[in-house]
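These are the structures in question, set out in turn.
Each of the next two complexes has subunit A plus one more chain, namely subunit B in the first and subunit C in the second.
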Partner chain A sequence: MIRPAPWLLGVGLVLAGPATVAGQGPGTPWEMPLRAGPAAPAARGEARLQFAPSPFGVAVTADGRHRYDVRITAENLPDPATLGPYRVLLAWETPRDLSTWHRLGVVRNGTSLVGTADHNKFLLVITAEPDSLVTTRSGPTVLHGMSPSGWLQQFLTHPLFRGMSQ
Partner chain B sequence: MGHDHDGMAMDMPIPMPKGMVMLPGLVGLTPPVAPFLPGMVADPAGLPSARPSQVVALADGDTLDLTAGLVARTIRGRTYTMYAFNGQVPGPMIRVARGATITVRFHNAIDLESTVHWHGLRLDNGSDGVPGLTQAPVEPGGDHTYTVRFPDAGIYWYHPHVREDIQQALGLYGNLLVDSEDPDYYAPANREQALMLSDLLVHHDTLIAFGREAPDFALMGRVGNLLLVNGEPEYRLDVERGEVVRFHLTNVANSRTWNLSIPGVPMKVVASDVGRFEREEWVASVVLAPAERYVIEARFAEPGRYPLVNAIQAVDHYRGEFEPQVDTLGWITVGSRPVRPDHASSFAVLRHNTDVTAEIDRYRDQFDRAPDKTLHLTVAVSGLPLTTVQFMSVDTAYYHPVEWVDGMPEMNWLSTAQQVHWILRDEATGAENHAIDWTVRQGAVVKLRLVNEATSFHPMQHPIHLHGQRMLVLSRDGVPTTNLVWKDTVLIPVGSTVDLLIDAANPGAWMLHCHIAEHLGAGMMATMHVVP
Partner chain C sequence: MTRYLAPLLLVGLAAPLLAQDPGATVPRDDAKRGGSANIRLLAHVENNAGAWKAADIEMEQDAGRPYVYVSGFVNNNFQVYDVRNEQAPKLLLNWTIENPELHQGIGAMDGKYFKLGDRYFYVQSFQFAQGGPDSDLGAIVFDVTGLPDPAAVREVARIRYAPSPGGFHNIFAYKHSSGRVLLFTTIGGDRALVYDLGRVVAGGDPASWLVGEVPNPTPMAQLGASGYHDFYVGYDVARRRDVFYGAGLGGYSAWDVSAPEAPSQLFTITSLGMDLAHTFTPSPDGNIAVTETEYQYTPLRIWDLTEGQDGRRQNLDIPLSAWTADWRDLSHNHEVRWPFVFVSAYEDGFFVFNLTDPKHPRTEGWYYTCQCTHEHGFGGGPNVGWESTTSVMQGGFGVDVRNRDGLIVLSDMRTGLWLFRMDGFSGWNGASVGMPNISSVQDYDRGPAPSSR
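Let's look at the complex of A and B:
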């Protein structure tokens, strides 16, 4: 694990200035831009996170991970049949190490409420699949994105400090 | 680097999370306020020892003498000079029947001005306990008489409304339990427990001093490293097998939001600030923001030892990672003898409180209209250390909707209400905090929209409390609430927009403010005038 040397962090902060990264982040902790995959370069989309219903307003798991309902708004999605032997576009949630894949739901042009995500940091991947009940991701990627919490990263690996940790 | 029992670095002026260093440019700095600790001239050995809370059952027309005083409080073997109501931590639990009115003769025997606020009660405005608004502050040695009425059943609490960051943190809080005249108000339970959750910030076995002229820890509020239930670091409860226990939970911490659970034990949430939910719900854990209350029922079906835990995901701002943290607050031991009566069958049923729904139905035609007022929650800063300003500009690339612990304690400590100005801003006029002109007619139903800005210098969640009225949380970010309950405090996460419906039935001048004590001390308050 890389730990920032205090002096290096100080130099970085001085170089950063007070407004250097304004606008680089996701804007709010709720917005999640999606990028087109190579199989569907014209696809556009974004995900909106909202706390899942909870009597407490703030939905969390027993171990404290936030639980978000995921709404995906997309356009220019291809007909999955044009990408191969596929019939649906499915959203998946996976942590950054890709260790587990949680099937969410079907994505269509327009807005789709696809399910609940509860990893601290996660990727959303929309793939073409044979049907909506598959348990394993197999088809080509149409859209993908990183949760806003992905912007939380070690300072010396932050784009601001790229190259300073060597 | 040495670490104490909480995994905190010890060679710093304040406790720092394990492995965290103070930033260059902050080393050697101290908050620009004089340090304050209670009874600085008092020897704890000469003070009475704090005692556990006692239940004081009062009838309509009764009078209670309530004194805020200095006590010696021993926690984990270390004795501190702290505060207590009537020598008890928590203060006496006042238990009354709904509809009662009592008189409380308050005596201030601490070394600061004080008052008593009766949190959540729709009482007469003159007894609301807000200095400069409903009364003059009570000087040390002074007295004030409150007339306290209880129009609603439920769990409430009382605390000072002067320098809450100090007085509340050091022990001045107590519960008010208001019983309904309806014996079937709650499902049957074998036992009731009132738990007041707080924390205390200590280092090298001493209290971290408070700011004398203004609160310190103004960015995030003071987040303690000793977690306390009813003032003690380890809660204990012995129950019989099969007992249903009704827990009345109150968060009296300055800033901490809790996520409580009893692993292996089913729980349901039945009520919150000002009464019951429309429908009871099974829950895996209970999220409790400062000043909120929830009533939980749990059934201990099997013998054994069960922990009461606070489990959260802390944000490590340096490493850019989430860190799971689990603190065990206490233990519930379940014996092998079966309890009588056995409420297993009634516990298995989630009640639908049709009377609650019917009463709320009277307000539903107001749910969908445009807000009457929109307030933005934001912050302005000036004069903070340059390193803090620069660090924050990087760190705001992402803000977690709810920060569960203090991930930047040194910057937080060095920030005071002299540099940090928390703001409620009226969208229509631009007026801020007390400059907001807000008058409504008694009996009006007011729709208030709160927007917690995500792009300020330091976005943070805010538990917003309205005095003297009750309100419904209609929606969050446009998604309607489907199980309503009357509230007086609502948590607004970073970047969220929350619509509230206020039942402005109670005349007077009522504060609306953030209940993070340091945010209140840094200005985050406004007044709603309800006129006949």
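Let's look at the complex of A and C:
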């Protein structure tokens, strides 16, 4: 049996498929496993995308992008004050090039329903910040994850053999 | 000279005992510690925290510039060490991409230094996956002339290639016979890219940096298409041409890149078992080559290239011989300093073998650096700590040799930076072994062609 080098194939990346927070295997297209940042290695979490309120059931922006409320379930989140001059943990939506940061809302241990994300593909990042109303992300990353739509990738360098090397 | 005779004699006497006998007992995995008597460990540095510490390694060659660059792999960083004191490498710089935790993929993979005029540069390749930032980033170029002062290191340019997300896995900096310094890069697509580093450093329109492409005629058979994994570029003194030796996942190909804007195919190596063709490194005269295929249990293969180089055959399919550190594992990258081949041998760490008789490769020495559990190598993703339960891809990843004095550096994925010397090997110059003075080391001041020196 050939055991291919995972990094040989184009990007060479063999990312396992999305796993739930408990590592129970792939999630649904609305689930976002969250990974701990180096500032809070014990933090765990996942997010679930649910359509924002709409009279039509499916919420979209004027130009046709889905609008999701983001429900975050987290545990082992640190007291932000232990990470520096911070008082809150904030969730942000940012496109893959990190060009803009959209503040979604405050995150706590347990379940937090934060604001609406409407990028086609985005990263969800939870950081420690000095205030819940800051408009610029500046603190350390506590949790982060990729929108399920991020798995739709250009085939040219899509990680082939995903899972075969494990 | 006499000081080298004793160790050389010892090596010569020991060689028959070290030869690769297929029936010989191989060491237990948990007994792989230490090394052969002729390999002297100088230093070991665990360069990164965590389970994965390094990908490839690069060492500057000029006197007065004792700098070693370690690519930090999934740590998304690279480090510069001053090895003036070979027993105590000094960390000068630890550079990390911004927002490292948000980047996806395998990060900092390969680095090469180069020189333009009187300035020194280092180019670091990256592989960031789609879904996160910088999936179009291939490499970053730094001006490192001011080392050892880390504050004097300055980012010069970022090379991006959006048509093929996923970055550059391997790069090769080459002083072309035309005088230009070129950077050959892998991409996920079906070709290698050629950048003019003079243009990159000068800035201007990034579209003008890319000056050539080398097609891949040997894609992986199961896929029907894919790019190169790795390559070597060297000047063929006898035939007066710049030659690209590419490992194209389904086999190997050699191209005349004397005009990099219009490469001309010379020959291929395709045969059974060539899938995942990984590395292709010729002898200084281009007549013998070492190749690697990247799957467990396969040896490095040794080829006679002369019929291909001379145009008598378009495809070569029968190797001369083969060599491996341990048949249960896989030997990885290698540097040829004829007749020696220095190997970063994954789980087997550092090995050296001798190609004086290419039909009968002979092990010269070794040092086990991985200190790892067999078949728990790299695989999967960050959610499993990048660790597989079947992979042997861990341990010795990259190796480099300083030609002026024989210093050897190795990067181990699990354990970091290692420095060695081999008894009887005090440097390399092709002329001393009856070969052109051609290796992966570039003569940036004079170029590769004898007429240009």
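Just so it is clear, the second predicted complex is superposed on the first by the 133 of 166 C-alpha atoms of A that agree within 3 Å, B and C clash if a C-alpha of one lies under 4 Å from a C-alpha of the other, contacts with A are read in each partner's own complex, and residues count from 1 in each chain.
Operating definition for what follows: a contact is a pair of C-beta atoms (placed from the backbone, for glycine too) under 8 Å apart; a residue touches a chain by one contact, two chains touch by 3 or more.
All of these numbers come straight from a predicted model, not from anything done at the bench.
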Partner chain(s) touched by A:Asp97 [first = subunit B, second = subunit C, both, neither]: second
Partner chain(s) touched by A:His144 [first = subunit B, second = subunit C, both, neither]: second
Partner contacting more residues of subunit A (subunit B vs subunit C): B
First (subunit B), second (subunit C), both or neither touched by A:Val60: first
Subunit B versus subunit C as contact partner of A:Gln153, first or second or both or neither: both
Touching partner for A:Pro38 - first (subunit B), second (subunit C), both, neither: second
Partner chain(s) touched by A:Val125 [first = subunit B, second = subunit C, both, neither]: second
Intersection of subunit A interface sets (partners subunit B, subunit C): 3-4, 6-7, 9-10, 13-14, 16, 19, 121, 150-151, 153-154, 157-158, 160
Subunit A partner contacts - residues on subunit C that touch it in the complex: 99, 101-102, 104-106, 109, 127, 129-135, 164-167, 169, 187-189, 220, 223, 226-227, 229, 249, 275-276, 278, 294-296, 378-384, 388-391, 393
Subunit B residues touching subunit A - in the complex, by the definition given at the top: 19, 21-25, 257, 259, 261, 263, 269, 272, 277, 281, 283-289, 294, 311-313, 315, 317-322, 324-326, 387, 389-391, 393-394, 396-402, 404, 454-455, 473, 476-477, 479, 482-483, 485, 490-491, 493-496, 498
For the subunit A and subunit C complex, residues of the former touching the latter: 2-16, 19, 23, 33, 35, 37-38, 96-98, 121, 123, 125, 141, 144, 146, 150-151, 153-154, 156-160, 165-166
Footprint of subunit B on subunit A - complex, ascending: 1, 3-4, 6-7, 9-10, 13-14, 16-22, 24-30, 50-51, 53-58, 60-66, 69, 120-121, 148-155, 157-158, 160
